[in-house]
Amino acid sequence: MQNLKMGMIGGGEGAFIGEVHRLAARIAGNVDLVAGALSSTPEKSIRSGHALGLERVYPDYQTMLESEARLPDDERIDIVSIVTPNFLHQPQASMALANGFNVICDKPLTANLEQAIQLGKEAQDTNLKFAVTYTYTGYPLVHEAREMIQSGELGTPRKVIVEYLQGWLSEPIEQEGQKQAAWRSDPTKSGIGGALGDIGVHAANLVETMLGQHITSVSAHLNRVVPHRQLDDDGQVMLEMESGIRGHMNFSQIAVGEENDLNIRIYGDKASIEWHQMNPNTLTIKRQGKPVETRTTGFSATSPSATAMTRTPGGHPEGYLEAFANIYKNFADDIIATRSGNSGSFTYPRLDEGIRGMKFMQAAFDSDKNSQAWTKIE
Amino acid sequence: MQNLKMGMIGGGEGAFIGEVHRLAARIAGNVDLVAGALSSTPEKSIRSGHALGLERVYPDYQTMLESEARLPDDERIDIVSIVTPNFLHQPQASMALANGFNVICDKPLTANLEQAIQLGKEAQDTNLKFAVTYTYTGYPLVHEAREMIQSGELGTPRKVIVEYLQGWLSEPIEQEGQKQAAWRSDPTKSGIGGALGDIGVHAANLVETMLGQHITSVSAHLNRVVPHRQLDDDGQVMLEMESGIRGHMNFSQIAVGEENDLNIRIYGDKASIEWHQMNPNTLTIKRQGKPVETRTTGFSATSPSATAMTRTPGGHPEGYLEAFANIYKNFADDIIATRSGNSGSFTYPRLDEGIRGMKFMQAAFDSDKNSQAWTKIE
Amino acid sequence: MQNLKMGMIGGGEGAFIGEVHRLAARIAGNVDLVAGALSSTPEKSIRSGHALGLERVYPDYQTMLESEARLPDDERIDIVSIVTPNFLHQPQASMALANGFNVICDKPLTANLEQAIQLGKEAQDTNLKFAVTYTYTGYPLVHEAREMIQSGELGTPRKVIVEYLQGWLSEPIEQEGQKQAAWRSDPTKSGIGGALGDIGVHAANLVETMLGQHITSVSAHLNRVVPHRQLDDDGQVMLEMESGIRGHMNFSQIAVGEENDLNIRIYGDKASIEWHQMNPNTLTIKRQGKPVETRTTGFSATSPSATAMTRTPGGHPEGYLEAFANIYKNFADDIIATRSGNSGSFTYPRLDEGIRGMKFMQAAFDSDKNSQAWTKIE
Amino acid sequence: MQNLKMGMIGGGEGAFIGEVHRLAARIAGNVDLVAGALSSTPEKSIRSGHALGLERVYPDYQTMLESEARLPDDERIDIVSIVTPNFLHQPQASMALANGFNVICDKPLTANLEQAIQLGKEAQDTNLKFAVTYTYTGYPLVHEAREMIQSGELGTPRKVIVEYLQGWLSEPIEQEGQKQAAWRSDPTKSGIGGALGDIGVHAANLVETMLGQHITSVSAHLNRVVPHRQLDDDGQVMLEMESGIRGHMNFSQIAVGEENDLNIRIYGDKASIEWHQMNPNTLTIKRQGKPVETRTTGFSATSPSATAMTRTPGGHPEGYLEAFANIYKNFADDIIATRSGNSGSFTYPRLDEGIRGMKFMQAAFDSDKNSQAWTKIE
């Protein structure tokens, strides 16, 4: 079985998430990074590509996409990985699709909802695959929980609480040259959401993935806590889900001392579950008047999808990079299977989920502007 | 130093919280239960009193209050403890005050705001002491946290999250004869709030006590999740605090598998704290990019008020009953000190906090009725 | 039902454990402290007794025991509580028994094994009850675990690990006037064991109680880590149990930063359990390849003896004082039942367990002197 | 910078640790697996190599080593990775060294001490690098702790406790065809140690690495708990360290329900530390009467060596595979640096540590045979 070939846009010198994508792809093991246009500055793009030892290094993404498209089938890249700031996702993904490449794109999908809908249309008529790296749904126990809920182990879900708390933007570091902070808090690069787009969409995707229901309405309060910040850095959202139940989302990037605390609790009428990203290999199940049950990755978590996403036996902790790798692996396996005429179920976040993330953001944004009025999604 | 004498209203056979009050008073050690009207049924009241070996047993609270009032100063009770369902608090407390007794009353203060305001007026012209048993602010580390915030260790507070989650009402047990559930879900006995009054007011008091700020406005969503339930059994409230910062409260009695999970996190611009009632002897302090700090009762928690509320050295866990006892002890010490002409600072929740709890409930109730509109308190 | 009457020896001004015993007795609720000889200094004894408001205050324990013995049955004390340094336990308990009093005595039972055996003989011919306050076996979940093991839920036990780690003697505070440290590290007052007698016997009692087997042989290494200390302040012991399985005990009072970390793990061939005194309301059960199960006091711990030792519902944490109170309560209930001609099962550590603690200490002491040679107990 | 080339011996179809090594190498990113003799069965070796898409596939390791040795410098492999059962390590490593290859070998180094000493001699006269994959010292926080101890933050170390508990051999699965269990419990393949060699040497290496002292003497008790098992599956060891302090090691593979619980506590006279492999990103520091301090990977752990071993920011958990990758990366970087004439400090376990592991095993083995007599190492 031959590995797929991948080209990367963005992720050159000084970038953070590009290296994470590359590590993820290496762990995945079914995709090789062979080409890149790693920076918007041509010299930097080329220098970065050489530093990584890529086979084919391009000055800009347009050149890469056009050049690769002209290569023979067995040489050209199969996948374009987009790891640039939000405002570039749509033009880059759009051109990648137009040139016949499968796309794996960082989140949020785009800078605004219009771009997302546009991308959705462009993808519709192709038979290309499109993944969005909502990393956290790449953890095995998210799918263990999802399968438990689908099978009815929790009974009817009644309440959901999701939190995503970080502290890294508690000071105005974007005004002090921190590169990651700078573009994320600049509406021309980040789009309509600050923390909402950076972490809120992860939380929304986690709720929908685990619960197997869409968020249908929100009442959102967005904060800009740090003075002079242009985009939200904190917020809370009341949620209404498809089945009518209520939920709550709390997110913040000014929660001093919190590292990357994404966590979720779902309460059913028979049982409840709790999962924390920072302790990703334990899933807690509670029942009224009964012992708490803790399932662990590779040991007592036994759902097929969790098992398929696990590399090591229990007690050998897997983490963030392995979750990220699961998205890469399943995405690439899907492409490979389709080419072989095989079908199968491949678990990874797709374009639809990217678009839904943007709808969630837009609704939250509108609700906040409108005194937290309940605002429908769609 | 002589112990104070106490008479109890309610808490007879089959009651839960009455025995907790009695245990708390015994641990406190400065108050003796000598009299009681322990049930609304005279025979049961008398039988229960004899079973406890009380010196003076009364058929009903009116008889107790009138009879005790006629006893000589060194024989009559000093304190009336009210442990009845909510709708009885106001008439009983009112009559106790009128007969010159200090009052310690369970929460919520009354069945509705009007009764609370009425009580406030009646107490105003007396020099009697009035405690409300918001038990959870009787824990030492709540005051450790309060002192840290007051001293500026957290910097300017920016965000607060409080949760109070239980699962014991996840089934309609009030329809199956469970006595505690029955009156709590009956508006004629419980008042305007279900879970809101049973646990929401605890959460509100915890926020205000720890943060040292009042809640000034709420946007509340109240749920009645279990069919045919007349009062809320679940809800969430966006909070605005005096200083303008936002907070969130989540409370539920249908959160299957949760025992008594009251917890709070307060984020400042320098540091943040986290405390969980079910693990009451640890207080976590987080700072950006710094090690997490955990203070423990009797070991590294060293604020004067925490120390004063601690009976055993670190690692010898104290719990709920000791927290409850701290309220009794400080309340009784306050009465003793005032009689001796001494002043001093005695930490316990007072009538004002009881009234504020009712204002919070009323505002949440109104907000929910009004599509979660932001509703001012006061 | 009338409360029993109790007289206390020791526990006056400046003492620690005496106040803990008094709190425990108050929580127990079936015993009243009415008399005391609280200090070896007569004036201090009397001053301490008056400060506590005791009915009958004595200058010394001999006077108390003789005077009380002459009182009518319905006035005299039923129980003598001994809370003095170890070397006084035997003479005081001996005289209490001789005068017809039931005894509850702090641990270790005596200063050396001879004294313990002597006490055992003296008690044999009476029908008096004798409790030893191995506090930690007063926790409900210790008995939940014991019942699980007895019922075979763990299968055949194979391995046990018990630890008791403290740090409070990590500096030579006995040389700086710390009263608790001073007598504990003085062989003329503490007896043959330092940490071994102060905490090692607790660990040994916990193993035997939970496992339902005696320790039959030890290979012990005792340390005196802090310079110039006369008694052990640290040690480790390999254990052999009745059934032939091996265990390990680690104890220390120089483990800097440890508060009072007594914990135990027992591994069976079907399941294993883990319990930590500092988190006393959770009991963890592990099975191979299965979810971890956590039982909690008052919620999912449902064995009869655990339930009988629990005062509050799940999530309302009970702690050290309540565990201590369980020993007082069950001991007093046993006396009351016997007087009423009722029999019953009352769970508390008895004289035999006190004697066995001394045998454990002696064997460990001998093994250490003999290059850690395996040394039989008995 | 060119990646090094690697050939692997062992790790074909059905093997476990081989795939872990391959994942680790991919994450490391500075070494490429290009050749392999993956099985002792030639056809299986070739089939496995093709399945992995290796460039050069060999029927057996002898052929690989000889063939590769004949290739030009820029084509031949730089590193041989040995992932076979213990008894094969020495002949394979020996031949690899003889043919001029750097070696990275799984642990324990060999099947017995003689083989280890032999290997040590053979390596001495080469300038080849030799790594032993004591994986757990590849975690960043192990080195954070090591640097804290070296810098004196703990003061003088006084006591160490290390545990390594697993339950996977609690049943005689080696008699039921479980391949991993079968060779590990067969003395002809595993060597002198069962659990001792499989996990005990990890624990010994962790103690020595973190503490920066050698174990100098042991008193060991080895168990064979499961009937008919030929090698130890459980044991405990009293340790004496270079500085004279005592320690304890407990290890087991019959601890039902334990996954892979390697943990260590080191107590100094100023501070103490605690680390658990299953929660590898937190390091706890305790001080007497002070708040507990928790450092986390990528956030508050800031020692140079910890930082160098960390790939993602705090709260993005790294785990076992990343720890494994750190050993590969640092080993390969060391080779690269040496070739470039650069020196530097590269943190990974070397041949010496492999030999010391065998000395520890032999001493424990001898002590157990000799009634747990204290037995010197060296």
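Residue numbering begins at 1 within each chain, and the chains themselves are lettered A, B, C and D in the order written.
Assume a residue touches a chain if its C-beta (ideal position, glycine included) is under 8 Å from a C-beta of that chain, and two chains touch if they have at least 3 such contacts.
What you are looking at is a predicted structure, and each value in this text was computed from that prediction instead of being measured.
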(request) Have a look at C-D versus A-C and report the one with more C-beta pairs in contact. (result) C-D
(request) Considering only mean CA positions as chain centres, point out the chain farthest from subunit B. (result) D
(request) Provide the C-alpha centroid distance between subunit A and subunit C, rounded to the nearest whole angstrom. (result) 55
(message) Using mean CA coordinates as chain centres, what's the gap between subunit C and subunit D in Å?
(response) 43
(message) Where in subunit B do residues touch at least two different other chains?
(response) 168, 258, 285, 290, 292, 296, 299
(message) Can you tell me which positions in subunit A touch subunit C when the two form their complex?
(response) 285, 289-296, 299-300
(request) Would you pull the subunit C residues touching subunit B in the complex into a rising list? (result) 1-3, 16, 19-20, 23, 26-27, 29, 51, 53, 166, 168, 258-261, 277-280, 296, 298-299, 311-322
(request) Using the touch definition up top, name the residues of subunit C that touch subunit D in the complex. (result) 158-159, 161, 163, 167-168, 170-171, 219, 221, 223, 225, 234, 236, 238, 246, 248, 250, 252, 254-258, 265, 267-272, 285-288, 290, 292, 371-372, 374
